[in-house]
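Paired with subunit B in one complex and with subunit C in the other, subunit A is shared by the two complexes that follow.
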Partner chain A sequence: MTNVVLENLTKTYGQADVAAVDNISLTLKSGALTAILGPSGCGKSTILKMIAGLLAPEAGDIKFDGRSVLNQKPEQRNAVMMFQDHLLFPYMTVAENIGFGLKMQRQSKTEIQTRVGELMELVQLQDLGSRKPDALSGGQQQRVALARALVVKPKILLLDEPLSNLDAHLRIEMRDLIKRLQQEMKITTLFVTHDQEEAVILAEEIALVIDGRLRQSGSAPVFFERPKDETVTRFFGGCNFVDGVARDGHFICPLATFALPADCRTGKGRLTFRPENIRLNADLSAENSFSAILISKTYLGTQTRLHLAAAGIEFEALTNPGEAHNLIDGAELPVQLPKNSLWVLG
Partner chain B sequence: MSDRWKIALLLAPAVLVITCLFLGGLALGFARSLNYMPLIGLNDINLNAYVSILSSSGFYKSLLLTTYISFTSTLVSCVLAIGAAMILRRSFIGKPIASFLFQVNLTVPHLVGAIGILYLFSQSGFFARLAYEFELISRPADFPAMVFDPAAIGIILQYVWKEVPFIGVILLANMQTIGADYEAAARSLGANRWQSFRFVLLPLILPGLLSASMIVFAFTFGAYEIPALLGQNFPSSLPVLAYDTFTDVDLTARPEAMALAMIIALASALLIAGYVKLARRHVRQ
Partner chain C sequence: MTIKKQGLSWIAWLSLGLMLTWLILPLLPLALWSISHRWYFPDILPSEYSLHAWKYVFSDTAGVMTALGQTTLIALGTTALAVLIGVPAGRALGLYHFKGKALVELLILAPTIVPGIAVVLGIHVVFLKLGLANSLFGVMIVHLIPALPYMVLVMAGVFANYNPAIEAQARSLGANPLQAFWYVTLPAILPGLLVGCFFTFLVSWSQYILTLVIGGGRVATLPLLLFNFATSGRNDITGAIGILYILPGVIVLVLAARHLSGRNSAAGSLRQI
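Moving on to the complex of A and B:
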């Protein structure tokens, strides 16, 4: 298990004015799975490539177990990267692909055969060793890529959007496999994704990167319950923002005066509350309750999104389709914002 | 109409022309090599021309020389083209100019290049005079023989000069399609620079490299004008030998010339087949 520390990591491509990775500092817990989450082009893959040694940072340091690895070549770091496009060598069989790293280490043929066999069993590809990659499905190819990365017992496993090319059911299968293997092998793993749900399900820690900068890091609930700013809130599906003033444990705004959790900031700010936390048909005399008008509703399959308004402020709530079925546009609804679901942004 | 038929019909004109010209020419040449030339009274079909060629020591010397020229030219061109393509696929200041200069001689005919080699590298050429002016040699004739020489240096130089950009352009396009990610994956799996080239990039560009080098090999094996201009008189390359025999005043020598042409085609095909088999076996292991 290896502890990885990124210190003020910066990378600019060519003559670009804007840094692809801008002063990022992050600690990856030893043996844990950390996700770098962010939209496309935000610099996530660049961070992975710098850790793998495939790109050199302009500034900053990368430390494995307290030692800088900047002077080490990619092959000396044992930080194995698994790419979005599998990148299996098309002229090699599945077994040869998996054994590639061991061959580069000049391991004996017997050792390679044994390790490849073990890994093929681990990723459930026992019978496909002699096939070429183009004779495999996308999911199987990704499992071969995972086995190829794991066979060299990497210090750090770097996964670059490994699920994004898979269809829905294969995604879930592969996601579970990655999680199971990572937990069994306890390899420090960094997983890059643009999919918030994937990050939340897989990672113990999440680092949200937007425009090359680290916006917030922590465990998944922090991003939902204690987001740092509006951008982070919006990235995680937050859409309700009301301006007002927080004072003496309350938030005073045109909607109502709301009781706040103890750790909220005071002064001018923006109240945020997640649409799924809004309680409908609440008792109007209960704390943090008020009356709202239903403007419209949108059926989403497993949920229904309600567009509500009160005191000239529009906001959204999510409810189950059964509950929303009988609601008519223009109806007055008593709603409640539970105290612990509120958060004030600066 | 099914797609298969449509494709066949669309290809038919080109295939017909190629087949008629190529197979027709080959058949006619083969018939003549068997001593069948009714126009000059040769009707007795036999293998005398082949027997005569295969029992001549001069033929084997020419075959060896031609194989050596083709093999060396192809090998050196491939190595230099791979290196050039690997440099040109990177981003660097002045890349457009470098790429232009690299490809510019693609448009220059072989003959012009051969004359250039003659002017530059012969013992009365530019470099010989330069070496003499700088007193590196006491007289121009002391300049190492690079034209009309037994090692065929001038011929090889000319072929390399012309074929490096040809192979290089194909490989460059190939490498740009492949991208750098396969090598990155290999490096991250523990391959050093050489291993990543040897076990990843080379096998990936192999189809393009084989196609380009086969063309170069076949061309250099069968080309007449460069060995005729820059080569020694004896032994001469097979195409020069075939042409000289063909233009012999004695028309009865024509079957031998045709037999030589058949042998060139066969030897070229066999050598290419062997080369492809060897390359596939060694590069992809």
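Moving on to the complex of A and C:
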């Protein structure tokens, strides 16, 4: 259980004017899994490398349990990184790979053997200890890499997109394994991903980083219900924005006048509501309801996306395919935006 | 399938035969000369045999053994120096892109194109001033000129297919830079490094003109002795020294074949067929 704090972390590559990591401050909850979420190439991996000591930040500080680690070399930090490619050592067996960290610590052979055995059991590879990495499947390789990282009981485990090279079913298996082991061992973990769903399922806390800057951090529901701005909203699949004015607990816009939740801002703003929260076939006399026209629909398999318009404003709703089946393009639909599903952006 | 197998086997035997003809047959006269006492034209085989040449070669007074030792020492020293310079240089060329890389590559390649005899006199002047002439160390240094390109080019090829992130992984798991090199980098580059060492060793082993000029007669190596005896008409002694001279080449060839073809030795792959 290590408390890890990033303070005003900044890193620029080469002579580029744009910082890869721009003044990021973040407190990682001790013993919890935090996800850094962001599009590819937004500087997420750079943050991990700086914590691991593989890159030096230009400015800012990194503290483990209140103490700066900037002057510590990678091998002194016990901040173990697990890369996207498993990066197993090809000339060593599975057991030797897993025991590598302990060997570097000059642990006794029996101690290494015991610990490696424990870890192999945890990742369900107990029979493969004498194999070489190239004789394993992709999922097994990734599990060996995880065991190799966990064996040294790291102060912080740094996972750099560990699931993105795996097939869909393996990804779920590995994701659950990471979550289970992390919770059992209570290792402070930082998980980097571009996959919003992965972050939501795995992480206690999410930090959304776009273009090297921290946009918003918090638990998963915050990003869906209380996003900070339009970029954050869009990253989490929000697509409905209506300009207007919020006043006295109501939002006045061409669609209608909507009752707002109490914690919304007032003044000029942008109303946002998630497509899955729109109620169709509502009672038009109910609160926050109005009439919309169905422009088109897109079948998504488990859901159907409806493209709607009202008062010249287009928006989208998600509904189950069975309900959408009977709807005809051009039909008039009574829709309702439940009060608690509304949010106003600045 | 069986037809294909038979065809392969037939080609394998033919190429083995051709290889033996080209590699072994030219050595036969050498071996014969070394044990001949009288061998005059037009006899196909010597009329009298003796071990005189071999006794001479192994005697303390002839200096052949000293030359063998010095040649080995110089070749090993040159190889060690080439490793120290060639591995970092190859890493830089294989992994990184930098300004003037093409020029650096050309300059590294240049000694393999420019003949040694064209530059050795100029180098001699410089070496005299530096106090490197007439010494074993000076000869090792000058042997680096033709030998180093092979090491650098082999290592550049090795590092072009190398992912340095694996070292970062080792560091993050608690390895210091030395441990990361020893446990992770070295095993990955070892096959290529050995091939580079073989090349370097052989190039140094077979130097004549550079050794002659820079060694200034104080450093006697096998090629120098070989040349002396060959020009003075002692074919029997030339034959014996010649055999000694090609020995490391043959050993290296077998070893290199093992490493060039991965895990399987040449003999092993023949057996598989």
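Note that in this section the second predicted complex is superposed on the first by the 346 of 346 C-alpha atoms of A that agree within 3 Å, B and C clash if a C-alpha of one lies under 4 Å from a C-alpha of the other, contacts with A are read in each partner's own complex, and residues count from 1 in each chain.
Everything that follows uses one rule, which is that a contact is a pair of C-beta atoms (placed from the backbone, for glycine too) under 8 Å apart; a residue touches a chain by one contact, two chains touch by 3 or more.
Quick caveat: nothing in here was measured; it's all calculated off a predicted structure.
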In the superposition on subunit A, see if there is space for subunit B and subunit C together, and answer fit or clash.
-> clash
Is A:G14 contacted by the first partner subunit B, the second partner subunit C, both or neither?
-> first
What is the contact status of A:Q105 with respect to subunit B (first) and subunit C (second): first, second, both, or neither?
-> both
Considering only touches as defined above, state whether A:F89 meets subunit B (first), subunit C (second), both or neither.
-> both
When the two structures are overlaid on chain A, which partner does A:K73 contact: first (subunit B), second (subunit C), both, or neither?
-> both
Which subunit A residues lie in the overlap of the subunit B contact set and the subunit C contact set?
-> 49, 52-54, 73-75, 78-81, 83, 85, 87, 89-91, 100-101, 104-105, 148-149, 152, 158
Footprint of subunit A on subunit C - complex, ascending = 163, 165-166, 168-176, 179, 183-184, 187-188
Where on subunit A does subunit C make contact in their complex?
-> 49, 52-54, 73-75, 78-81, 83, 85, 87, 89-91, 100-101, 104-105, 148-149, 152, 158
Of all residues in subunit A, those that touch subunit B in their complex = 14, 49, 52-54, 73-75, 78-81, 83, 85, 87, 89-92, 100-101, 103-105, 148-149, 152, 158
Which residues of subunit B touch subunit A in the complex?
-> 91, 181-182, 184-192, 195, 199-200, 203-204, 206, 284
